[in-house]
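Two complexes are shown next, each including chain A; its partner changes from chain B in the first to chain C in the second.
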Partner chain A sequence: MLELRAVTAGYDPKAPVVRNASLAVAPGEAVGLLGPSGCGKSTLARVAALLHRPDSGTLLLDGTPVRRWRHRAPREQRTAVGVVFQQPRLSADPRLRLTDLIAEPLRATGRREEAPGRVAELAAAVGLTPDLLGRRPHEVSDGQLQRACLARALVLRPRWLVCDEMTAMLDASTTAALVAVVEEYRAATGAGLLAVGHDHTLLRRWCDRTAHWEDVTGGTP
Partner chain B sequence: MTEPTPVLSVRGLSVRFLMPGGRRVAAVTDVHFDVAPGECLALIGESGCGKSVLASALLGLLPANAQSAGEARLGDLDLISADERTLSRKVRGRLIGLVPQSPAAHLTPVRTIRSQTEETVAALAGIRGRAAVRDAARAAAERAAFPAGHLDRHPHELSGGLAQRAATALALVGDAPLLLADEPTTGLDRDLVDRTVDELRRHVDTADGTGRGLLMITHDLAAAERIADRVAVMYAGRIVELADAASFFGSPGPRHPYGRGLLRALPDRAFTPIPGLPPELGALPEGCAFAPRCDRATDACAALPPVTGGVACHHPVPGSDVRAAEDVHA
Partner chain C sequence: MTCDAPAAQSAVWRSYGIRRRSTRTVRVRVSAALVALTVLAVLLVPPLAQLDQQAVDLAAKLQPPSRSHPFGTDDLGRDLLLRCVYGLRVSLLVGLVAALVAAVVGTAVGAAAGALGGWVDRAVMRVVDTLSSVPHLLLGIFVVALFRPGVVPVAVSVASTHWLSTARIVRAEVLSLRSRPFIDAAVSGGASRRRIAVRHLLPAVAPQAALAAVLMVPHAMWHESALSFLGLGLPTHMASLGNLVQGARSSLLAGHWWPTLFPGLFIIVPTLAIAGLAGAWRERISPRRRSELML
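And then the complex of A and B:
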């Protein structure tokens, strides 16, 4: 289970953007979290991805509470969750070639030798050609860069995937292609998914169930 | 019935970027289309297909390494050969109102909406005198349904929807005959998308049919379906299909395999992607650029398909036969 229990989080403890949010994703399950933009759902996604320490509440990964966040989180927890954001240009190091961008988490966890095989495998899955892999972010389109960011999120074979508005900037075909990659990965590995977004049609089609922001935050202040 | 004179008439427009090392990128190639008064034409396609470059070409905002050819007539002015002085004094704001992709970035962050609107009103509508400018600015805001109570706010104090309305208010001030909306709904929630396009539509529709024309560039097919009278599908720098919106989104559906693929990718349709990636604009194949991804391709497609009946394809889906063709493929 990936479980968020009574999470309150934000950037100013006096005015948290997430209040008392609870949500659970079972292994292999795909849950869509729907909410209007600016409601705080991206902050909750960052908590679920161990990237933002909540003011209060608990994140449990397979029963173990997360006590440390970001780079201080223990490796086995950090590598259990892969994350993709809305804006690939903000989340990709502009100096790295796509091939190094995808391999970055392997290098950071001392598994550099797996990179060539794993990158080739994932590049094929997300539809990036060898020519594109040699380019830097400013030399590819948003859609191509997001393909690389998805490959990077999958490179450590996470048990959980958090996709925060992954396709909001993308055209219909690239959207369908990236969702298909996620679903193939989940079918092969049994990974669970938390997909955060505002597009009802998309999340209802993609996920096993959808939850609304008001229900997740329970209305309790 | 005679056709009304188009607001914008684009003929043979091409844009090439000259890259270091002598490489040429064919961003826009031989584009033809019209926008009639009171009409909304939606230009759709994947990111990188050339649609934003086309918008920049119309506004005279191409980078220095771009070369354009062809014509884009707006009244008696050709936008492509116009000099920068004409473009900045007569075109941007006065002949073309730009509704930008990211209003928050387009508005000046350190000034209130009121001050920006007043400045635009004074500059474009030629209104003089403090009280008159003030009234005109309030009226301009009201026209775009921007609440008067928010006029003294700065752009960052506005929601995405209100920032979009503020930007639309500025775009409308000059009473330009053409509105150019560049991805106006990116990042907006669905109900806000609906509201934004409905408001844009309202500025195009006038009772006497002499309204302005709207060219909307978008990758949001649902927004295009909601607002457009006609659809132009762009692929690899060319318009591959120009169709009536009702028949494109409804029956008989797109006739070009690319347009058909785009619609099939929608989550409320088949949700299946078009295989492969669009080609590099710097290394386009000889014949039809869609051939490597096309399930109807034959040897004939090694030659560039001519535009016939609004469709650039050697084997378009027959207009009356889309359903049958879909069944065979299913």
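And then the complex of A and C:
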């Protein structure tokens, strides 16, 4: 269970972006979070991925409250949640080839020897050819880069996946392909999904249930 | 303003209208040639010439430039061309060592301050601000005065006053990189703080830091010359450009222009050439930041 309880978060304690938001994702469940632009969805997604410390409220991972955030959080907690961001250009280190980009979490967690096999497997799953794997981010399209970013999020086999507007920058066929990859991964591992977005049609089709921003925050704007 | 060149109006950012081409290529080529010449002279002349730069010939003292002494001779009859090359050698060595040390220290301090943030950042940057508020030359003189004259104290003095600007540049870069989503992705991928710094932050700031180091070479050479000119740098028997100018000061009033002019040119020309090359490189890697990394 990935559970956000009464989370208030933001970048200025006097004016929080997210007020009193509560949301739970059960294992194997896909939850879509819908909301208008600028309402704080991404901030909540960052809290759920342990990347932003909330001003108040708790995040529970399988009943364990998270006490430390970002690099101070225990590695098992951090890597239990995989994240895919909205803009692949900004979320990929421009100096790394796509192979290294995907393998980086394995190397960072000391599982270097698994890297070649896992990268080949994931590259095939997300539809990246060996030719593309040798290129750097500026040499591939946004869609191809987002495929690599999804592979990177899956490489450590996270128990939850947070997709923050993963498909907002992409065309319909890439969107369909990436959603299919996520669904395949979830079917194989039983991972939970928190998909954040503003596209009602996509999220209704993709997720088991969708939550509106007003419901999540209890009506407070 | 007359309207005889309507095409120039569309390109308002050009400092000289559309007819004059930018002198950039020429600048870069001239600078590269001069730097190459400097390096070759410094590396090849001493072993090939087999001449003693210290050879005193009192019969030929203060000779104006001639065929046998292209730069003339000084007040002890030593060949000025040879003295200048040896002086350039020492100045360049001090400049390179000081710039390298300053760049490494500055990068380490700046990256640590930027990456750790919080009170570490505030404390370190206040120290940097405090040291920057003291004039560099004054601080340099203070450091040199603590030691016996020599190459090492001068290099230490120049390095210890010049890592500050590199630290500022690197910290600013790191701060802007730290909030990018790719750092978030690395955190989420289980990377430790050290891994993020070594794998993602340092490679990203390396071009800026290297550029700061190269721009510091001419600055350090000037600093060395200034210290030597004040008699605080290298020991006076050692040919350094600052010492040569200092030694020639008295003969300038007697109408002997060559012992001042040639060492002076040896300071100015190589430093301008290095600065020219570094400037072109800077325009390539960060076209919008021309004003920030002033020499």
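Quick note on the criterion: the second predicted complex is superposed on the first by the 219 of 221 C-alpha atoms of A that agree within 3 Å, B and C clash if a C-alpha of one lies under 4 Å from a C-alpha of the other, contacts with A are read in each partner's own complex, and residues count from 1 in each chain.
The rule we apply is simple: a residue touches a chain if its C-beta (ideal position, glycine included) is under 8 Å from a C-beta of that chain, and two chains touch if they have at least 3 such contacts.
Values in this document were obtained by computation on a predicted structure and should not be read as measured data.
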{"item": "Combined model on chain A where chain B meets chain C, clash or fit", "value": "fit"}
{"item": "Superposed model, angle subtended at chain A by chain C and chain B (C-alpha, nearest 10 degrees)", "value": "80"}
{"item": "First, second, both or neither for A:V83, with chain B first and chain C second", "value": "second"}
{"item": "Touching partner for A:S141 - first (chain B), second (chain C), both, neither", "value": "first"}
{"item": "First, second, both or neither for A:V216, with chain B first and chain C second", "value": "neither"}
{"item": "Chain B versus chain C as contact partner of A:S37, first or second or both or neither", "value": "first"}
{"item": "Touching partner for A:D171 - first (chain B), second (chain C), both, neither", "value": "first"}
{"item": "First (chain B), second (chain C), both or neither touched by A:L2", "value": "neither"}
{"item": "Touched partner set for A:A180, first chain B, second chain C, both or neither", "value": "first"}
{"item": "First, second, both or neither for A:R205, with chain B first and chain C second", "value": "first"}
{"item": "Minimum distance between Cα atoms of chain B and chain C in the superposition (Å)", "value": "7"}
{"item": "Chain C - residues contacting chain A, complex", "value": "180-182, 184-193, 195-196, 199-200, 203-204"}
{"item": "In the complex with chain B, residue positions of chain A that touch it", "value": "36-38, 86, 127, 129, 132, 141-144, 168-177, 179-180, 198-202, 204-206"}
{"item": "Chain C-touching residues of chain A, taken from the complex the two chains share", "value": "46, 49-51, 70-71, 75, 78-79, 81-83, 85, 87, 90-95, 104-105, 108-109, 149, 152-153, 155-156"}
{"item": "Chain B residues touching chain A - in the complex, by the definition given at the top", "value": "45-48, 159-160, 186-190, 219, 221-222, 261-263, 265-268, 271-274, 276-277"}
